[in-house]
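Below you'll find a set of structures to go through.
Consider the two complexes below, in which subunit A is the common component and subunit B and subunit C are the respective partners.
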Partner chain A sequence: MSEKELGQKWDRCLADSAIKFGTGLGLGIVFSVVFFKRRTWPIVFGTGLGLGMAYSNCQNDLKSHYVLHSKVAKEQ
Partner chain B sequence: MLRVGWKGARAAARQCVCGRVKGHALQTCRRYTTAGDSGSAAGKIVAASLLTVGGGLGGTILYAKWDPKFRANLEKSVPYSDQLFEMVLGPPPPPLVPLQKKPGKIEPLQISSLSEASKESKQPKAKAKKSDPAPVEEAPTPQTLEGEESKGHHEPALKERPAEEVTARLAQQDKAEQDALAALTAGLEESLGSSAKTTLQAIGAQEAALTAIATHTHRLREAMDSETPPDEKSSQWTALNEALSDRTRAMEEAEEALLKAKGELEHLRGVINSAKQSKIDAVRPQILAAEENLHSMIVDLDKVVTKVQTAQTEARIVSQYSELVNEAKAQFQQELANITPEIQANWKGLSGQLSADDLNSLIAHAHRRIDQLNRELAEQRVREQIHIEAALEQQKLEDQRALERAVASALEHRREDVRLEQEKKVQEVREVMEAEMRTQLRRQAAAHTDHLRDVLKVQEMELREEAQEILNSKMMEQETHYRRLTQEQLDTFTLDMNAAYARLKGIEEAIDSHVIAEEEARKAHQLWLSVEALNYTLKSAGPDSPTEPLEGAVQAIKENCAENEFAQALATALPEESLSRGIYSEASLRARFYDIRRLARRVALIDETRNSLYQYFLSFLQSILLFEREQIAPPSKLAPEDLDTFRLLAYATYSIERGDLELAAKFVNQLRGESQRVAQDWLKEARLTLETKQVISLLSAYANAVGLGTTQAP
Partner chain C sequence: MPLFATKLTLAGGALYVAYDSGLLGNGKEGSVALGRAKDAFPPAVEEWMKYFGFQLPATPKIEFSPLDAWNSGVQKSFHALSVAPSTASDYTKQGLQYVKDLTK
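What follows is the complex of A and B.
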């Protein structure tokens, strides 16, 4: 159903954001612990990275219907 | 444990309450104490009045129990007291009923009837028995008992005696009678015999006395007639003395015998009287005979007594005469002795021894005596008449007396005779009458039975004939009735048959003429049914699931109305989706619409140009902050400002709420942008449903029309 599409999109969005957030956080923590002597900024950076990626994905997903897809016509 | 807990709870509650109430309690207590005295006095008064009333009621009831009259009075005067009394004391005692005197009458009746029965022993015994119980049963209304107290005791227990008892009583009474009779007869005979004997004896004695008197008189007369020589004179005198002694003895004996006879006769009379009183009729002839005997004996006795008396008077006369003679003789002798004192002895033998002086003195004395005697004679002659008259008078008187006596006794005898005769006659007549009555009764009974028999015979014949007639007439009636009924039945049946046949013919024609119409109707029905089936399949939609695929039903329609082009066209006009997948019901679409609406409102700002996430957030905010009526009535023409998402949704909601899916779909169709995308599927479904429904409604309308058309007569 068309009305469920939006819901599904949002589900994907949230799941994706959760994953990216978690992953970012995790990598940040790892990097912070491993490489950057337990400083906070890798964690934040990683989390931000994750969130940003999620946001962008979400937006693209939601926009996907309106984006024009061009095809390169084959050269004759 | 529960109860303990409950009690504890109650105690606690009470304490709680009491704590509150205690303040009031003191005040109320004070009030109670001041009012307490008056309260107890009131209580006393109430108790006393209750006691009085109760005592009065109890006393009344007890007294009513003891005295039924009082109870009756009370029941009459006080309305519902009789029910109360009945409840408490039981029903009132019944009024005293006078005892039936009926059974007591049975005894005297029985005796009399028994006596009748015993008298008429010639009557059949059964009749007597029957007649006896009959008077026993039909004893009349209570009468006074005939002085038999013992019977009074038997009254309530006495019922009709059985026949055996009656016969036993009869036999007993018969026997008693017989015994009494026998006793009476014996007594009578005895007394009769004894009295006869004594009477005979008396008569004999009397007759002996009579003869003695006669001989004595005769002897005396002989002695007086001093014709015999002196020797015989002395023998005569001795004989005379003997005769005298005989006579006296005979008289005494006669007297004795007479007394005894009289006593016996009296006894006999007494016995006869007692026999008369015993009221046994069989004795009567014997009584009569005894009376006759008695009477005859009395008569004989009297006769003999009169004879003796006459003889006695005669003897008296003769003795008087003899005495006179003796006196004269004595006187003469005395005179002679005076005159001739020497001659003492019998002077007749002294005719040769007398001297002349003596003879002269004797003759002188004799002359003197003769003179005296002549003088006396003359005197006597003179006085003769008077004497004779006096004697006659005397004699007359005596005769009269004797006559009266004789007449009286004769009258008595006659009367007695007559009475006896009368009784004898009465007895004879009675016997004769009884015998005659018996014969007459017998005759009458025989005649009665004959008559009854005849009458019964005649009646029987008559009744039989009557019954036969009635039977015949009834039979005839019944037959005619039956025949009529059968005929009627036949006629009605024939009529019915004819009518039925005609109707059948008509029906057949009508049926034939209706076959075509039926055919058409059948087809129409089939079409209609299949359309209904199609309609029904629409109902098979669940809340969220579509209906069954309508293919089957449509196929059925196509089959059923192959020659109906319109139906075919319509059937093919159905969209594919509905055929293969089925359609959603309006209800589910409605429910779905609200989701669509919410979603559409949330993404109202999103379209091709604005579709970033931030726009999504703004659109969401807008949807939250924008307050608009849920339903707005759509105008008939849409203006450009109506094309706002929210407005459109409001219109659609309104339409949907009014059940107008088509209009709602139209409004939803006007959505643009993301809202449109969101509502796409719903719109498609709605369109599908609407199409299908339209086709189906057309089909059903057509089917109805066709069906309606076929029901009309051609």
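What follows is the complex of A and C.
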């Protein structure tokens, strides 16, 4: 893949990581306050979930250039 | 029971809002959501400032951009290396000319 494309993928990765980290943190705080009596572990769990989702998205995005994509033709 | 239902509604609502605004989707949706948040941030800050009645100090403008400067060291070094032969020959000619002028 070209360097420009790679740079764009990395930019998307960073932006997505920030979004997922913030979302995980936010949802973790909400669940911690609402259900788990303000304990810390739901916040940490939510943040970890967010980071994991970001890692998985990054991995798929960077791999997608080298993976064969196929389309199944619809039967007419 | 009603308290639990309220809590469930709150948490479920937060989860639905996150899902609906594309915060839990793939990389492309995430960067679109970040762009939307960046665009919405200054007007929101202005609204809050008007509501509370105080002015935040203006953010200083920084001319330096890390994105542009990331490869600048490598680029400058290799540019210098590529023009090194012609620059060296120019300086040699100038030096020889100077010496010739001295001996005239």
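The definition used in the following text is that the second predicted complex is superposed on the first by the 71 of 76 C-alpha atoms of A that agree within 3 Å, B and C clash if a C-alpha of one lies under 4 Å from a C-alpha of the other, contacts with A are read in each partner's own complex, and residues count from 1 in each chain.
The rule we apply is simple: a residue touches a chain if its C-beta (ideal position, glycine included) is under 8 Å from a C-beta of that chain, and two chains touch if they have at least 3 such contacts.
If you're wondering where the values come from, they're calculated on a predicted model, not measured in any experiment.
**Student:** Subunit A superposed: clash or fit between subunit B and subunit C?
**Tutor:** Subunit B and subunit C fit side by side in the superposed model.
**Student:** Looking at the overlay, what does A:Ala15 touch: subunit B (first), subunit C (second), both, or neither?
**Tutor:** Touch partner of A:Ala15: subunit C, not subunit B.
**Student:** Looking at A:Ser2, would you say it contacts subunit B, subunit C, both, or neither? Reply first, second, both or neither.
**Tutor:** So A:Ser2 only meets subunit B here.
**Student:** With the two structures laid over each other on chain A, which partner does A:Cys58 touch: subunit B (first), subunit C (second), both, or neither?
**Tutor:** both
**Student:** Per the contact definition in the header, classify A:Phe31: touching subunit B only (first), subunit C only (second), both, or neither.
**Tutor:** second
**Student:** What's your read, subunit B or subunit C touching more residues of subunit A?
**Tutor:** Looking at subunit A, the partner in contact with more of its residues is C.
**Student:** Angle at subunit A, subunit B to subunit C, CA centres, as a multiple of 10°?
**Tutor:** Roughly 10 degrees separate the directions to subunit B and subunit C.
**Student:** Once both structures are overlaid on their shared chain, how near does any Cα of subunit B get to a Cα of subunit C? Whole angstrom is fine.
**Tutor:** 5
**Student:** Taking the two structures together, which residues of subunit A meet both subunit B and subunit C?
**Tutor:** Of subunit A, residues 58 contact subunit B in one complex and subunit C in the other.
**Student:** How about subunit A: which of its residues touch subunit B in the complex?
**Tutor:** 1-3, 5-7, 55, 58-59, 62-63, 65-66
**Student:** Can you list the residues on subunit A that touch subunit C in the complex?
**Tutor:** 9, 11-13, 15-16, 18-20, 23, 26-27, 30-31, 34-35, 53-54, 57-58, 60-61
**Student:** Mind listing the subunit C positions that touch subunit A in their complex?
**Tutor:** 7, 10-11, 14-15, 18, 23-24, 26-28, 30-31, 33-35
**Student:** Under the touch definition given earlier, write down the residues of subunit B that touch subunit A in their complex.
**Tutor:** 592, 595-596, 599, 603, 606-608, 611-613, 616, 674, 677-682
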